[in-house]
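Listed below are the structures to be examined.
In what comes next, chain A is part of two complexes: it sits with chain B in the first one and with chain C in the second one.
Our next item is the complex of A and B:
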């Protein structure tokens, strides 16, 4: 993307809450904007491991869950500000990533996906039966803030800007990564593990780096979710659909691209909100029918995601224009 | 005596696990492809059985065949519409395709059948046998024995018939099989049909004795992964043995630790196994 493109995108994202403030459904639209950014953070975090390194984890809910649970846990048991739990949640996620990464990275392709599902389900069932972690009922945050440090806002706008800041940080880290040794190595691993190893890439070590980076930011996404909603239970924090949401968001926009996850989130979140509004409570089922359909269609026709489609069409247009000029 | 009861029940359920897992392992063995929607095939088998009982009536043979036929067709259609194209694509597309399919089928079933648990009418097959102090529920006994027979049948089909040889030839070397006049596309479509049908019958067999809802597929998919990993990818006899073992472990851990932990123990075992012996119990090192 050009420098001007970046400026336009940044300005649009910064201005969004103001731009919709005058409309009828201002609060609704601002809330949706915050949810789009949150989904983009989760998907971009997954993208580091799943998109760039090509390791399709279906267990990222465990990092999201750790990030969501720990802040509410420190509040529920010790009345500490949930904010204090955010770095603890990241630390817990990195710990889980270290433990889980070792055995699962010996597995490639489908095996890795299966193993990550199993571990995440294991965690979900255990948390659901652990009273200290709220068992099946879950945990709650402060209902009304005791001060700014509890980060409970009535409006979605402060959350929007917090999420935007985290997303900007994550995208900056990812962009930096793309240009660094880590990025090239991950790309090589994603293209073919055996080939990468034969070229001297320390595959296991770099996959672990990608997992740690990915897990840390996924944990942040979970924390932000918990801070905003003030509530988490095993299904909303650790359910398999949490992982699925990250994957489909990244894959729709373009897995392994910098802005694909944001594009995917900008399409899927409004779609989900729309189906929920139109079809009421029963709509949640329909949402996942649509999700499933979208995933199948991407896999079948456009595995590179919408960004690749866009690039291909742009290239074709350019080529056509070139031919015309040549003829003239 | 209770322990014996637990063991027998576990083995009978394990035989059904072996049946649907043998379908998953067949696909894996032929195409290095894990079908994440396999559990949903089992779930659909249950609902096809329910529809067959309500519309056609008749006994387990009727709805078992209906489930097998319905799922066979679904498997073939899915192969031609989706899998054939995705197989040539990147890994992400392969995993996403059946994952999306699982979501689609699960929530479409929510939509059509409602998320509530349902059961087949009791009149289909019921009763208990008393044998040396253990109570054998007739539906479970019938399901376990039928599943064991069908898994054995699948093994014989693969190893003793010309059709099975053609299937295995495609699994062994697609290009060489083509040179021998075998059409790999047809064989792979047949394998998908067979795998889905095995899941469908297994679902129908379980539907007799267990209540079910559209959400049950996820657990069955994970169970099948465990069985296939334990038995060694691609091995039907391995799946048979591992299915019985998983049923037994589930039964015993539910008995000793409580019903909640039966899946925890099995998934934990799965992770440990992937760590220590990714080639499976019967697989070569």
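Our next item is the complex of A and C:
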């Protein structure tokens, strides 16, 4: 993207809550904006491992869950500010990633994906039966803030800007990665492990780097979710749908691209919110139907996602123009 | 010896793809590796490059025992290889493909890019540098594979049928490229079915059959060796006509 494109995007994201403030559903739209950013953070974090390195994890909910649970856990048991639990959640996620990464990376392709599902479901079931972690009921954050450090706001706007800051950091890290040896190596691993190895890429080690980076930021997404919602239970924090949402969001926009996840989130979240509003409580099941539909459409028509479609169109247009000029 | 493989064997179940092959390659040589289909050439290559672990035997590279070392360690030590079926990174541009190789010796992006551009120029891919690898045909892909390996500055290059499927004029260009690579001081081991390539490039030829080296010598000596004739054509045949070029 050009420098101007970035400035426009940044300005639009910064101005959004303020721009919709005058409208009827201001609070609703601001809340949805925050949810879009949150989904974008989760999907961008997943994208580092699943998109760039091509290791399709369907178990990222375990990192999201760790990030969501730990802040509320430190509040519930020790009345500490949930914010304190955020780095602890990241640390827990990195620990889990190290333990899980070693055996699962011995598997390739679908087998890796299936193993990650199994581990994440195991974690969900364990947490759901563990009273210390709230078992099936879950954990709650402070109902009213005792101070700014509890980060409980009535409006969605402060959350929006916190999420935006984290997303900006994540995208900056990803952009830096994309340009560096790490990014090239991850891309190569995703494109063909055997060839990557033959060129001196230490595949296992780099996969682990990608997993750690990915897990750390996914954990952050979970923490932000818990801070905003003030509540987490095994389904909302560790359910398979959490992982699936990250995958679908990234894949719709374009897995392995910098802005694909944000684009995917900007389409999927409003779509989800709309179905929930139109169909009321019955609409929540519809989320699955939408995900299924999106999977089918992406797989059938554009495995590279919408950004890939855009690039192909642009290339075709350029080629046509070139031909016309050639003929003239 | 830059490379010495001692009694290398690779068994798949009861099938002995490589059955105790002894191969030694001196620095600066171009060695041709020929043999009928299924003779074990590619498996032997994979053993040398670290793609598969040999069942038994020992592989030394520049005096270092690399028998149990993974492929990436061998690449780091200086063993580069191409694949029989090209394994280019399809969604990446030609330049990015080559940069992956260049990053091995040049961790910084700018230097890796310079090295990649240098190699792209040498391999004649400059025009297409910004295109994705998937846009290339077979000859282009084979060139790209060579470029990618070259960018990693190998000391020994294993070319697995890098010239197969090329038209005669492309073959001639590829031969020039291989000569240019050799001129940079890189030792080469070439598996090739096209006899013209072997006869023009190789100083020494090893003939594989049923997992063994059955003959070695200059290209001319090998072509006249009765054991080689038998391996290709079976018993009771005279000297074969020179293998056809495609």
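We take it that the second predicted complex is superposed on the first by the 328 of 328 C-alpha atoms of A that agree within 3 Å, B and C clash if a C-alpha of one lies under 4 Å from a C-alpha of the other, contacts with A are read in each partner's own complex, and residues count from 1 in each chain.
As a working rule, a residue touches a chain if its C-beta (ideal position, glycine included) is under 8 Å from a C-beta of that chain, and two chains touch if they have at least 3 such contacts.
None of these values were measured; they are calculated from a predicted model.
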Joint occupancy of chain A by chain B and chain C, clash or fit: fit
With the two structures laid over each other on chain A, which partner does A:322 touch: chain B (first), chain C (second), both, or neither? neither
For A:181, select first, second, both or neither according to whether it touches chain B, chain C, the two together, or no partner. second
Once chain A of both complexes is superposed, is A:109 in touch with chain B (first), chain C (second), both, or neither? first
Between chain B and chain C, the one with more contact residues on chain A is chain B
Just chain B (first), just chain C (second), both, or neither: which does A:197 touch? second
After the superposition on A, what does A:95 contact: first (chain B), second (chain C), both or neither? neither
Should A:122 be classified as contacting the first partner (chain B), the second (chain C), both, or neither? first
Overlaying both structures gives a minimum C-alpha distance between chain B and chain C, in Å, of 9
Chain B-facing residues of chain A, complex: 50, 54, 56, 58, 103-104, 106-107, 109-111, 113-115, 117-119, 121-122, 125-126, 129, 240, 244, 247-248, 251, 255, 282, 285-289, 291-300, 303
Within their complex, chain B touches chain A through residues 32-34, 36, 82, 85-86, 89-97, 99-108, 110-111, 115, 218, 222, 225-226, 229, 260-261, 263-264, 267-268, 270-271, 274-275, 278
The answer for chain A against chain C in the complex is residues 179-181, 184-185, 187-188, 191-192, 194-203, 256, 304
Within the complex, chain A is touched by chain C residues 49-51, 70-72, 75-76, 80-81, 83, 87-92, 96, 99-101, 103-104, 107, 109, 112, 148-149, 152
